[in-house]
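One chain, chain A, links the two complexes that follow: it is found with chain B in the first and with chain C in the second.
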Partner chain A sequence: MMSPRKNRIAFLIALFVLVISFGYLLAVQFEPTINQAYVVPDQNVELVEIMKGLELENAKSVERIVALRSRLNELESKAAATSDEVRLLTQRLQEDRAAAGLSDVAGEGVIVTLGDSTRTPTLSDDANYYVIHDGYLRMMVNLMRRYGASAIAINDQRVLANSPIVCAGPIILVNSSKMSPPYVIRALGEPEALFRGISQDVFFKILTVYRDQFGITCSIQKDVQIAIPASLDNRALKYTKGAR
Partner chain B sequence: MVGFVTVCGLVLGIIAGVLHPVHIPAIYSKYVGLALLAGMDSILGGIKGYLKDSFDATVFFSGFLINSLIAALLGYLGDQLGIDLYLAAVVVFGSRMFQNIAVIRRVLLKKEA
Partner chain C sequence: MTNRSLWRSTALMFFAISFLVGLFLPGQARVVQEMKQSYQNQDPKDLIRVIKDLQGRKATLLAEETDMSQRVTQYLRASDDTAAQVQQLQREEAVLQQKIGKVPLEGPGIRVTIQEQSTGESPSILADEDLLLLLNDLWASGAEVISLNGIRLLNSTAVFRAGLNVRVGDHVTTMPLRVEAIGDVENMSKGLQMPGGVLDLLNLRRVSAIVQTVSLLKLSN
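Right after this comes the complex of A and B.
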């Protein structure tokens, strides 16, 4: 049995040590929250500035492309008025442009909408089932091609044969353009064939299971008037030349 | 004296934690929170024991360590099983903290009087 005095000292030492470790844990536990909320590394600030600058440049370039294209159209239609031969060539050029995805198109087809779940997964759930992945978009685009789509766009981006669809953390890049859900995928083609083909495909059925179980958005509808924007990438085929 | 030691230790610990933090991944921070709760309960239990002259350093230390560990483990196990088992730790340690504080309050009030 310890004397009361010894007991008192032992208590104070023990209390001191434990309270120190308690305080340490407390500070460590608070630290990540503080870091996330207030401290942004210097490097990031710089990168964000660079990114903002590039985005602005991009937006200006898009405007310029649109303006130059309408000017080109004007000149072409003026030239077409001069002779039948030029008119024929211009017409051919426009057809080729449409086939290459370089002009706006419209017509009947289907619209598929995919979106992330509104539910928040708990710690024991696999969060992957609650979001739309880049692979889903690639699969959907492939399905549309399989059932005869002639022009496809995801949100405002035209999808050409060589358009990249890649994952970049919480967002998806289509033609290097940032996309966030909901992803609206439009396809021109025979509506009935597209609708039946896609909605009866195994992949679409899996997505509907995810929709029922995890709450993602997944729907398909036919439409008679779908507008699909032109590709902004004039030089998508810059390394392709005809073999002689 | 007890209050002085507690406050000093807490301040020292927090300063050490701010100056030399160990990075805890976000998924484990919940378990550290549970361990903190258990630790708080142990410290209050120790103060109560001291005031009632029944303090035992061994019980104090082992209680702090084992309770913290078990609380964190319980939380982890619950997540693995898909049940919110950490609630058990929260309820038990939470209510015990209140009880300990009540006892401490009473002892201190009697002393004052």
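Right after this comes the complex of A and C.
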């Protein structure tokens, strides 16, 4: 049996070891936080400010365009009532605008939702499986077209043939607009054909495996009424001319 | 202090410390994760890329705003002038017909000829996602119109492999694939040849991609 003095020493040593271990664990845990917070460069703060400012300006511009388009539609409708030629031309133009993705559309379709995992990957995990990549969105849009989608939007952005879907690090941009997850991809078309085609495609099945394994969001809803906004990108063709 | 009470105190202390560490760890992991996701902690190069895209978007939106504003003004001016209204509508119709593939087009561009290696022990295959990436990079770097083996890509055109063939909308075409894009030639070439870009990726997959600039590409409707 140990003497009381030895007991006290053993207790103090055990306490010392525990306190040191606790201190070490805390230091290791907080180190990245403190260091990262410390090294956030001023330039990043400024860049984020510029980014937010541009987003705000663009949002205001979008509001003005929507108002102007609405005003133009009113004027065209009035003019169409005064002349048959104008009425026929306006009618054709509405069809062409719809084909060019320059009109709002609504109807039946499907909604696919993709989102990053809420789980934190451990050091041994491949973090790529826990996030939605730009390539997934491109594949999904292509899949929707394949199964008959006549109009597609990702969050608030209409996706046309020439809509680039790119990433800058972890940020995904659609039509040069910053997207935030979850990515809600709406497709207008025959709901049953879209639902069956997409949910049975290998690509979608792979995403469901990632969902079950890594916790990403991947779901599809059918029989929903959806509204898809018009594209705001109606740039004039600069290099392309009608062939002679 | 007896042996027993000392060890009981140690166990209690150990329990308390373990409890605190356990309490802190998930919170800490969440903080680190949130920090990684916050914009201020991103690579400045990525932030600059986003800003450039947003500036491009701003220019596009301003152009559309100006155009719409002018059209509204013209309509108001020509409210009693049917001929002027017809002229304005016809002008817009001509532009839209080019965009929706109703008329043949021409212009400077680039041609990318993609060829798989069908011989040897392990033949290479052009995957859907690589083809989509190539098309995406062309659009992102200034392509105005694109066709695949002469088939125009429109808003509803899906592009995917169908066995050894390539399906482009309702058409089936075969390899090699000729991707032709009219647009900003310099920018498109740069966009494709960026280190680590799509051409490097295709090279890695042993899919050959030859890029040529063409002074006048003609694309049918």
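For the reader, a short list of remarks on this structure follows.
In the analysis below, the second predicted complex is superposed on the first by the 193 of 244 C-alpha atoms of A that agree within 3 Å, B and C clash if a C-alpha of one lies under 4 Å from a C-alpha of the other, contacts with A are read in each partner's own complex, and residues count from 1 in each chain.
As a working rule, contacts are C-beta pairs under 8 Å (C-beta built on N, C-alpha and C of every residue); 3 or more make two chains touch, one makes a residue touch a chain.
Just so you know, these numbers come straight off a predicted model, no measurement behind them.
In the superposed model, A:227 lies in contact with neither chain B nor chain C. In the superposed model, A:27 makes contact with chain B only, not with chain C.
When the two complexes are overlaid, the chain among chain B and chain C that reaches more residues of chain A is C. Touch criterion met: A:7 reaches chain B and chain C at once. Shared-chain residue A:124: touches chain B; no touch with chain C. When the shared chain is aligned, chain B comes close enough to touch A:16, but chain C does not. Touch criterion met: A:100 reaches chain C, while chain B stays clear of it.
Chain A residues in contact with chain B (one complex) as well as with chain C (other complex) are 4, 7-8, 10-11, 14-15, 18-19, 21-22, 25-26, 29, 32.
Chain A contributes residues 4, 7-8, 10-12, 14-29, 31-32, 123-124 to its touches with chain B in the complex.
By the touch criterion given at the top, residues 1-2, 5-6, 8-18, 21-24, 26-27, 29-30, 32-33, 35-36, 39-40, 42-43, 46-47, 49-50, 53, 55, 57, 60-61, 64, 79-80, 82 of chain B touch chain A in their complex.
Those residues of chain A that touch chain C in the shared complex are 1-2, 4, 7-8, 10-11, 14-15, 18-19, 21-22, 25-26, 29-30, 32-33, 36-37, 40-41, 43-45, 47-48, 50-51, 54-55, 57-58, 61-62, 64-65, 68-69, 71-72, 75-76, 78-79, 82-83, 85-86, 89-90, 92-93, 96-97, 99-102, 120, 135, 138-139, 142-143, 145-146, 149-151, 160-166, 168-171, 173, 175-178, 232-244. Residues of chain C that touch chain A in their complex: 1-3, 6-7, 9-10, 13-14, 17, 20-21, 24-25, 28-33, 35, 37, 39-51, 53-58, 60-65, 67-69, 71-72, 75-76, 79, 82, 85-86, 89-90, 92-100, 103-109, 128-129, 132-133, 136, 139-140, 143-146, 153-160, 182-184, 218-219.
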